[in-house]
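Below you'll find the structures, each written out as structure tokens.
Each of the two complexes below includes subunit A, the first together with subunit B, the second together with subunit C.
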Partner chain A sequence: MIKKLAFIVRSLPYKNEATRLALTHAIASQTVEIYLEDGDNVEPFLALVGDGVLCGLKNQSNKCYGITTMEQHITNALLLDLNVYYCKEDLERFGISEDQLVMDAESLGGDMKASIVPFSEIQAAMEAADHLQIF
Partner chain B sequence: MGKLTIGSFPGLVGSLSLDFSVKLAEAAVRKGHSVDFWVSSNGTMLSKKGQRAFKDYPYLAKTIEELFKTGKFQACACEACAEARGYHKEDTMDGWIRKSMDWYLASCFSADRVLLIGGE
Partner chain C sequence: MKLAVFKSDYKTGGDIVDRLSAEKLGIIFVGNGIYHASVKDGGAADPIFQKNANFYVLAEDLEIRGFNASQVPANVKVVTYDDVVDLMFNDYEKIVWV
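Presenting the complex of A and B:
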């Protein structure tokens, strides 16, 4: 059995630790099988909405805090084949275009692409999820 | 009766989200449910042994100890979050589990309800 877990990131990237925790918890799905029965697993997806879309901006610097950037975490999530959705309406609100965002992990050899989708699609994915976690 | 998984993400002092999480867990256990309680980030302070009660600060260690005794409650601290804050295995209260985040996701898998509290 597969359980779908929705990780909704709506907070600013570096204002508090919650945004980072959303990403690291979602990425932790890669090793969850060690606790589960054969055939069971979780399938997380990341949806960046509201202020959370800023997490996906390219060229983030770790010089200020000296820790992993949100950009690196999203790249890792894509490398591990997690579905990553950006809310189209919120990107438009900030004037952010696709070329300004982390959309893949090709630089690390990943195939997965992030998607820019209307909020209605994110809402549908949230409704289809078994558990919803909003950060 | 069901199983509730609570993910708690705040700090012990300065945020009452952790207090609320513990109170909720206590209420659920009293009603006969089982609870998996995950603490992350500053919430890992709750797993630190040697906490003292002061009137002006939350004191949740006693409640946690009582919940452990019920056999229907398990609490796990994010190991990396704890280590990053200098809370090592030897600093941890009896009864606590220390694992990585996949423990929480596995708990979510078998939970009837998942509540993420805090994150402010």
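Presenting the complex of A and C:
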């Protein structure tokens, strides 16, 4: 049996731990299968909505603070084949284009691509999820 | 008075900033406050720029969030931590954090 997990990020990056927790939880959820029965598994996805879409901007520099960036976390999520969705309407609201966003983990050898989708698709995915977490 | 306001949030605190006035007012965007200077929500400039103030944004907080100096309006001066210390000691008498 597959349990679907939804991790929804609506917060700005940094300043508080909400977005970092969302991303680390989403990535870590992949490892839960070692505790499951044969045939059981989880299928997490990460959706960036509202102000949360700003977490996905490229070129985040950690040289000043020496912390991992949201860009690195999202890249790692994609590397681990997590489905990552950006809300189309919120990107348009901020005037952010696809080329400004982390859309893949090709630099690390990953194949998974992020998707830009209307909120209605994210809503449908949330409805289909067994567990919903909003950060 | 000469008042410097550190604005460290994006969507909150605008109400008090609206009411603040000073002979010399400086608004320094730090933390998530940098989004005032780096994004245009709905395509419009942020209403905070209607204030008669000197605007500054902290370079380090821009860069961690994926922005650079070329992406902020011309009326916003990009400053470093050292510059902020100089502003506090040399240009403003009172400092508040919003």
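As a working rule, the second predicted complex is superposed on the first by the 134 of 135 C-alpha atoms of A that agree within 3 Å, B and C clash if a C-alpha of one lies under 4 Å from a C-alpha of the other, contacts with A are read in each partner's own complex, and residues count from 1 in each chain.
Operating definition for what follows: a residue touches a chain if its C-beta (ideal position, glycine included) is under 8 Å from a C-beta of that chain, and two chains touch if they have at least 3 such contacts.
These figures come from a predicted structure and were not determined experimentally.
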Query = With the two structures laid over each other on chain A, which partner does A:3 touch: subunit B (first), subunit C (second), both, or neither?
reply = first
Ask   = If you stack the two complexes on chain A, which partner ends up touching A:135: first (subunit B), second (subunit C), both, or neither?
value = first
Inquiry  = Applying the document's definition of touch, where does A:24 land relative to subunit B and subunit C: first, second, both, or neither?
reply    = first
Inquiry  = Output check: A:95 vs subunit B and subunit C. Expected answer is one of first, second, both, neither. What do you get?
reply    = second
Query = When the two structures are overlaid on chain A, which partner does A:63 contact: first (subunit B), second (subunit C), both, or neither?
reply = second
Request  = Under the contact definition given at the top, report the residues of subunit A touching subunit B in one complex and subunit C in the other.
outcome  = none
Footprint of subunit B on subunit A - complex, ascending = 3, 5, 11, 16-18, 21, 24-25, 28-32, 34-36, 40-42, 44, 131-135
Task = Would you mind writing out the residues of subunit C in touch with subunit A in their complex?
result = 8-11, 31-32, 35, 39-43, 60, 63-68
Remark   = Residue positions on subunit A within touch of subunit C in the complex are 12-15, 51, 54, 57-65, 67, 69, 71, 93-95
Inquiry  = Which residues of subunit B touch subunit A once you look at their complex with the stated criterion?
reply    = 7, 9, 40-42, 100-106, 108-109, 111, 114, 116, 118-120
